[in-house]
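Right after this note come the structures.
Okay, so subunit A shows up in both of these, paired with subunit B first and subunit C after.
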Partner chain A sequence: MEEVDVEPAVTNIPAASDGKHLGFAWGPGDILVYETLYKASGSGCSFIHEVRKDEDIYSPNLRKLFNESHHIFVGLQTIREDLPSKNKKPQFVSISKNYRSVIRACMEELQQVAVSTKDAEVATQYGNQVSILLAIELIWNLCEVLTLSGSLLLHLLDWVRLHKADVDEKAAEVLQSESPAEHHDYWDVVVSYVLQGRLEEARQMLVKQATLHPAARKMYKLMDTLLSKMPFYNPGGTQTLTEFDVKWRHWHGEVNRCLQDNSFASNQHLEIICKIIVGDEDTLLEHKELLSTWYHFLVTRLLFSHPTVKPTELHYYAQSCMTMFLDARSVPEPLDNILLAAFEFDIHQVIKECSIALNNWWFVAHLTDLLDHCKLLQSHNLHFGSNLREFLLLEYASGLFTHHSLWQLAVDYFDNCPEFGRVYLGLQIEHIPLDTERKALKVLRICEQRQMSEQVRSICKIMAMRALRNNRLGSALSWSIRAKDAAFATLISERFLQDYCTRGTFSDLDLIDNLGPAMLLSDRLTFLGKYREFHKLYGEKRFSEAAKLLLSLMTAKIAPRSFWMTLLTDALPLLEQKEVIFSADQTHELMFCLEELTSSLNHSAPGTDKPTQDEDIEQTKVELLRLALARNLAMAIIKEGTIEA
Partner chain B sequence: IMENINAKYVSQKISKTRWRLVSHSSLQQPDIFATGSWDNEVNKISFWSIGNHGGSDTDDGFEGDPQLLCEYKHDGDVLDLQFLDQDRIVTTSSTGAVTIFRHHQNSQTISVSHRWPRAHRYPCDNAPCTGVVCSSPEIVTVGEDGKIIVFRADQEGVIRVIENADSSTIHAVTYLRTTEILTVNSIGQLKLWDFRQQSDAPSQILSLSGDRVPLHCVDRHPNQQHIVATGGQDGMLCVWDVRQGSTPFSLMEAHSAEMWEVHFHPTNPDHLFTCSEDGSLLHWETSTHSDMPSFLQGGRNNSMISRSAMAPAGGNQSLISAWLSGDSSKGRLETTHMLPSQTLSVNSLDVLGQCLVCGTDGEAIFVNRQVPV
Partner chain C sequence: MFVARSIAADHKDLIHDVSYDFHGRRMATCSSDQSVKVWDKSENGEWHCTASWKTHSGSVWRVTWAHPEFGQVLASCSFDRTAAVWEEIVGESNDKQRGLSHWIKRTTLVDSRTSVTDVKFAPKHMGLMLTTCSADGVVRIYEAPDVMNLSQWSLQHEISCKLSCSCISWNPSSSRAHQPMFAVGSDDSNVTYSGKVQIYEYNENTRKYAKAETLMTVTDAVHDIAFAPNLGRSFHVLAIATKDVRIFKLVPMRKESASTGPTKLEVQIVAQFDNHNSQVWRVSWNITSTLLASSGDDGCVRLWKANYMDNWKCTGILKGDGSPLTGSSGQPTAMSTVVGSSVQTSQNALNGMSLGFRACGVGCAVVFVYFFKTFFLLIFFSF
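Showing the complex of A and B:
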């Protein structure tokens, strides 16, 4: 077995007593745990505990995330493969932004709830979820940024600005005060702007200070000039990278000269700003509080020291920045490692770290899927056959499937896993509890659309059995028709016929009278329909048609042998009519049927000493029939032999 | 049309949505709707507002985003939901219960007004109660147990039960006239029941010849009471004339999976709406080609001739609704999709005035306030 990456987390089962043995069984998303005894004697504990790893899917706020992202996921899968990549790229970017806006929306809602709830525990829980979502969005955004074309640095700047909202809050506070330039946070705001490369806004702030100190006007003018002349590389523009580099070095030299000749020596704030824009690391590190994260430090350092940084060089700077920024004592957090891996373009490491850090596969599954579509993921096959994308999607979807409601989303994910999706779906869909017909119909529709005929049969059989148990013969028949289950249809027909034999009338005539083509599903069902038709014809006094039908039921072997006696008994009133209904030929056939029946009865019941009452009745019936048939035959022969006058 | 519609994700699969009734006299657009959920560990009924009371107090980006007013726990899936009056709704549950809830507008709370816990049941099991229709104070419900039950909102017990109304599941019920109802079942039959009759048999049974495709929904034309539309498992829209024949008048291919609901627009019945398991919501519109209003056209006008060779009993042929000659290939019928593609099943819809609301298995509610009718 391979080494584990992290120590497994330990979960205590509080209700289980100390020192007891615990037995367990794996479920799709959880473990059932119970106390067990090795010896058979002694009383056991009657509890079963359910240990659930992923609580997130039960959070009502996060549900929106799952639903909305499902919609985006399905849309992503339909982007046509054959489009040229320059058309696809903007679509992928917009999809990535969609995912992120969904995350942000969810985060904002959670934040609102966390703030407004009075329950401290709930507040903490929601607060944690908010932090996790923040981290997720950060990582996702970084991945998006690193894979976009265009100026890497500009994108990174955007990224940092997006995730550092407190600057704007502070700035608003300062600007709204009576004398902004004298506000105690004023310089913090200015420096923060500079650190984020928002030089235009820094300059505007500085103007306020300049007006307060007219004596130092020249100095402020100089700073303003320096800030305004800083070149920013625009890849879409006419300037080439080399040209930019030259310009930038020139500007950098100018700033350096200002430092060297102490132009800002009399104002410590301006001096600091000057050192920042020249890229002095120590000054940057002095402002750890304003930077607050090592990756902000990284971006700022790149902005002012290496603006032409290439993506391949990023990881050098990332590692060193992280080391410089964090104290010797502090250990990098999981988030730091993930971001570092992202800067190194080690997607697999990012995914692996995220999989460990988060208890829900949502993030890694969707991110990997998107990266896979962008063809940024080198597919290396894992030992068990599928690739990384599929593995993560399968894990995520399987987790969804354990949820009482979100299982429907999982279906689309399985559909997009070409290797194993279908198998997973087939296995799990049969375990969905079917409380109502409506739910069963939805599950059936899913199975039918994917030609999962075994599951269709199985579900229909379950529903049909349930209906049968509750004596809903019509429903049961409806289910067997859907499954084209002839055997079950036969079973239902038997029930009807039994009912008829015991009660003498048909129940559920609305069903039998209106079977339509469904009658052909099973022989027994056909017989049932035709038998009922016979009764109708008889009731309408269409005797000769009824007679013909009755006979055909026996001669065409539609009727089961066990029913022949009943049919022949039904024929009696027809035989007893004044008018001759059965022709001679037909009577011969009836007689033949009777003989067939009685001979098989005689064969099967040899040598009892005393004939039972039932047998007596049977014997009487047979004799009555023989008599009636003989009489009819006689009349029929006479009738057919007579020439009409 | 699609720009006017936005999804609101509500963390519950919506099984039913219904607009609160607005009085016919006022030209007000509806502003409150109720929803019921299904397949949750704890199901809920909720009341929402789209703030049509004029005045843009909402500083949300999207005006008209439904706001939750209040909600209440519901035992079992909400299989059907109807407004009894301005303040009360009736719901039917997968546990077989029928419940009246009262919405207290002032305090925005909900309370249970009356409950019949096991109205529909089997001898040893629950029987989901699948449909309800009401005309205050009368309430009629149907269920998987094949029973039809009549209640009165103000009385404890049950007024009338038709025990073996159907050997299969009855999926939906609607009023044909004040004393007659229509039911549809899972062996494809449309049955008429006359409550004035003592017998427990339907007064008429209609069905499609051919396969007994289960029918899931039924709605009656608001003005012409003999015209009824149904939808079923195969997604076909059938329009029936219950006065004549026992088979549908016209059949139209609508959806590729079960049709869950069909609604005539209550005031513009030339418009019909259907929603389906296949995730689509269709808006059907019949149009007359002539400029002359239909009631002035003589029987000879080709664009209005129905398929039947006979004139309907007691009716001027020109009054035949365009629905009875529905044939999408002849361009007399226009169909529009109202939702973005790739939604999960649309379980329910309701339309009133210019407002349409629907709910899906993707846990989203869509509201469109500018339906072109």
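Showing the complex of A and C:
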């Protein structure tokens, strides 16, 4: 295969180049570039330049193109593999047409904006975008005609007509004039119609001229007959190729005879038309202005000289037409080469050249995807067909991912890349800025739907950390529960308990009250939940349940030792109630807890100097507790003894 | 490609490093002026400097962000023989209103006796770990056991590489099949010591890092080194900046079940480019490792890309156009934006390449000057 070797694109950075280095840093969507020196010290200008790639992604005018083609793309992916190809073809053709109509709609919108804008520079920019879209549509349409459509020549004619629409504008102008037949563009229009094979319209135009020249009526009548009798070949129709061939030869002979016997010699215009329909190449080439492109020339030439052309012969005619038409210019332009490659049915070359010539991946990615679905890449002997498709889709989707809202479209493209789509999505989606909780939830949902557990965990951890840094404990806790991050949940629970100790109230009650099974994520979180439950029970005056829970928090070692004193202090009001709440056994256990706690405290802090004020308070607390426990024990023993008796 | 905007960084001396945070919404810059600056991107894409402070008593070589799971944390390293860890404090509300943030030093790592040449956080799945390398040839791995208390860092590993170290890179793979691995490069210019790149792998049994491989073919000074994101592959890809750009593939060999030593690696060279003509100073991969950027003595940043046949080629060049934006530092402190001057120039250069779209149906006769602008080039070559 021909090697396409192009010099790399150079982007100029406003920085000094002599003897200086350029430093850089990759970001998710762009690259930062700055002047520096790596080997020696020296001064440099301290500017940092943000350099971006996919310029088109940021164009507000192309949003529609990206959005709508995304829908078509997703629809295409759902066409079932197992359908017989016969049934799928019309679907593919309609999808191809949908893509093209999106391009056209986008183009027309851009065109309007370009016309209405006052800023000349912006207008040029839009104009450029329009012409790129035009080229894309032209190429796409040709590929569609060549690969998906049945009757080749008729579709090629449609293709030329669609992209050479200025004939219609001119015709409208002529027809609106007072005397159309005398309009200076009259004959241009007639000849253009003939060149495009629009013979019916040409005849209607000629009628106007005929009525103006009654003397030449016979001649016009003859031309009208010739034009009306021209046979068109439709492979899908009832006519066989041989039948058509006989008919066409007969007609062609007739036109030729008219030319030979100078039937139109008195009217140069009709003579020209006659020469055109007989397929005279020199005459065609004399009308380069009206043809305007070599591919129009090609189609016209095929129409009048080789109407039964087979797809396999196309490339020969295409090549020769291009050479004949472009004689003045030495080098064909990118578009010429792309179209030529298409006429050669070298789909791969088309994609290749387009990738080089066009400045976005949109076109090549979508076209390749469509052709791949049509199984056309394989039939053209490209064994890496699906790789090429995936490669281009990945590039396109990665470009979308740099945009602050279009990235959501990219997800579906990655989903449809079987080899690397998931890895790419994982790498890209992690870098989506989580500006708000809402956005974080959106990203999270996408990851959850795809079981990307590592990304889910990371997003939740980031959000939890951020909430904690901003002292939003409730949010931090719910994010870390979502991340199943036990260590962090422990840390936040600790903060909740600390807050409680200093303020005496809990924040985020809703969350803590509704922890449910999530409570089991970490011991400390369990404790937090249970401890809050105790407060609730106490608040509802369900004292014996509260007492039981409180005790179990210590005996089951759910509560951290550092919190025992608080728990014991919480027991005080229960001990001081009129009725006995803690049973004798329970009181014993409480006493045991208190002793365990005080002995460990004394142990860790061997009697230093004078007790501080804090220690004094602690000591008082312990004594109060001991007193309350002893009294409760006494009451409990009496009560229990009484009931038993 | 095009220059979207230019930012006056307003450092009083040469900028040595610029680093994006994980989400691309913040950046940090460091300079010979001994300071670090933090920049935040606003909704409309403008960059605002929200903090600037003196970090070291010497040139600051590198600045890097920890993963946001660990909060807003920066590490810097300097000629002053130290590395430092910085954490942003959520400050008073009026600070926020004024668009300022407050960073405090959590720790200074003073173990090195020479200039600390590189500092990198380990991949996040390993916890909060920081690695430094220094001119005395030692790689140090620190760990913050409590992510809520960044003032405590313990020196976990000290690995002597024998040669003056210039750069380190962690293998980002979080696959369970891969042990933690890093590569270290040496800028020792004596070519008689060959193997300027060493690869170390963690051994679970000894709980130590052991040398898995030395790239013997790399004999010249190495200035930068970068592992590519793994993409779920079994092998690793490593880019090296030395007298040229090199891309290596490291394929772990099947381990004998009894063996407890480090994984043997089969080293294959994938590509080698001398387009920078002389020394290459930096190499770095984009997020999906589809593009490698390198910076060299030719004053250019070059972008390298593999096509789907895995052929590597230069697809873009970023080049200083010789027009210093500002002569001196000490320009206006507010950041100024200079928009896209390069777009114009690249268009002029490409004028000749008009696509010549002559059949404009909508009635516009537009010349095609738009082509070849970006680097959507060369995915296709030579097969």
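Definition applied: the second predicted complex is superposed on the first by the 526 of 645 C-alpha atoms of A that agree within 3 Å, B and C clash if a C-alpha of one lies under 4 Å from a C-alpha of the other, contacts with A are read in each partner's own complex, and residues count from 1 in each chain.
Simple rule for what comes next: contacts are C-beta pairs under 8 Å (C-beta built on N, C-alpha and C of every residue); 3 or more make two chains touch, one makes a residue touch a chain.
What you are looking at is a predicted structure, and each value in this text was computed from that prediction instead of being measured.
Peer 1: Considering only touches as defined above, state whether A:436 meets subunit B (first), subunit C (second), both or neither.
Peer 2: first
Peer 1: Between subunit B (first) and subunit C (second), which, if any, makes contact with A:231: first, second, both or neither?
Peer 2: Neither partner.
Peer 1: Which partner does A:511 contact after superposing on A: first (subunit B), second (subunit C), both, neither?
Peer 2: Touch status of A:511: first partner only.
Peer 1: Which partner does A:560 contact after superposing on A: first (subunit B), second (subunit C), both, neither?
Peer 2: A:560 contacts neither subunit B nor subunit C.
Peer 1: Quick one: name whichever of subunit B and subunit C touches more residues of subunit A.
Peer 2: C
Peer 1: Please indicate which partner A:470 is in contact with in the superposed arrangement: first for subunit B, second for subunit C, both, or neither.
Peer 2: Touch status of A:470: both partners.
Peer 1: Could you give the residue numbers on subunit A that contact subunit B in one complex and subunit C in the other?
Peer 2: 435, 469-471
Peer 1: Where on subunit B does subunit A make contact in their complex?
Peer 2: Subunit B reaches subunit A through residues 7, 9-13, 38-41, 77, 79, 94, 122-123, 125, 127-128, 130, 144-146, 164, 166-169, 185-187, 189, 191, 202, 205, 207, 209-212, 214, 233, 257-258, 277, 342-345, 361-364.
Peer 1: Which residues of subunit C touch subunit A in the complex?
Peer 2: For subunit C paired with subunit A, touching residues are 1-11, 13-20, 22-25, 27, 29, 31-32, 47, 59, 68-72, 90, 124, 148, 174, 223, 229, 231-232, 279, 281-282, 284-288, 290, 293, 295-297, 299-303, 307-309, 313-327, 329, 338, 341-342, 345-346, 349, 353-364, 366-383.
Peer 1: Mind pulling up the subunit A residues that touch subunit C in the complex?
Peer 2: Subunit A residues touching subunit C: 1, 3-6, 8-39, 41-55, 107-108, 111, 114, 127-132, 134-135, 138, 162-166, 169, 292-293, 296, 333-336, 351-352, 355-361, 384, 387-388, 390-392, 394-395, 398, 420, 423-424, 427-428, 430-435, 454, 458, 461-462, 465-466, 469-471, 491.
Peer 1: Under the stated contact criterion, what part of subunit A meets subunit B in this complex?
Peer 2: Touching subunit B from subunit A are residues 60-61, 63-64, 67-68, 70-71, 74-75, 78, 404-405, 408-409, 435-439, 441-442, 445, 449, 469-475, 477-478, 481, 507-508, 510-511, 514-518.
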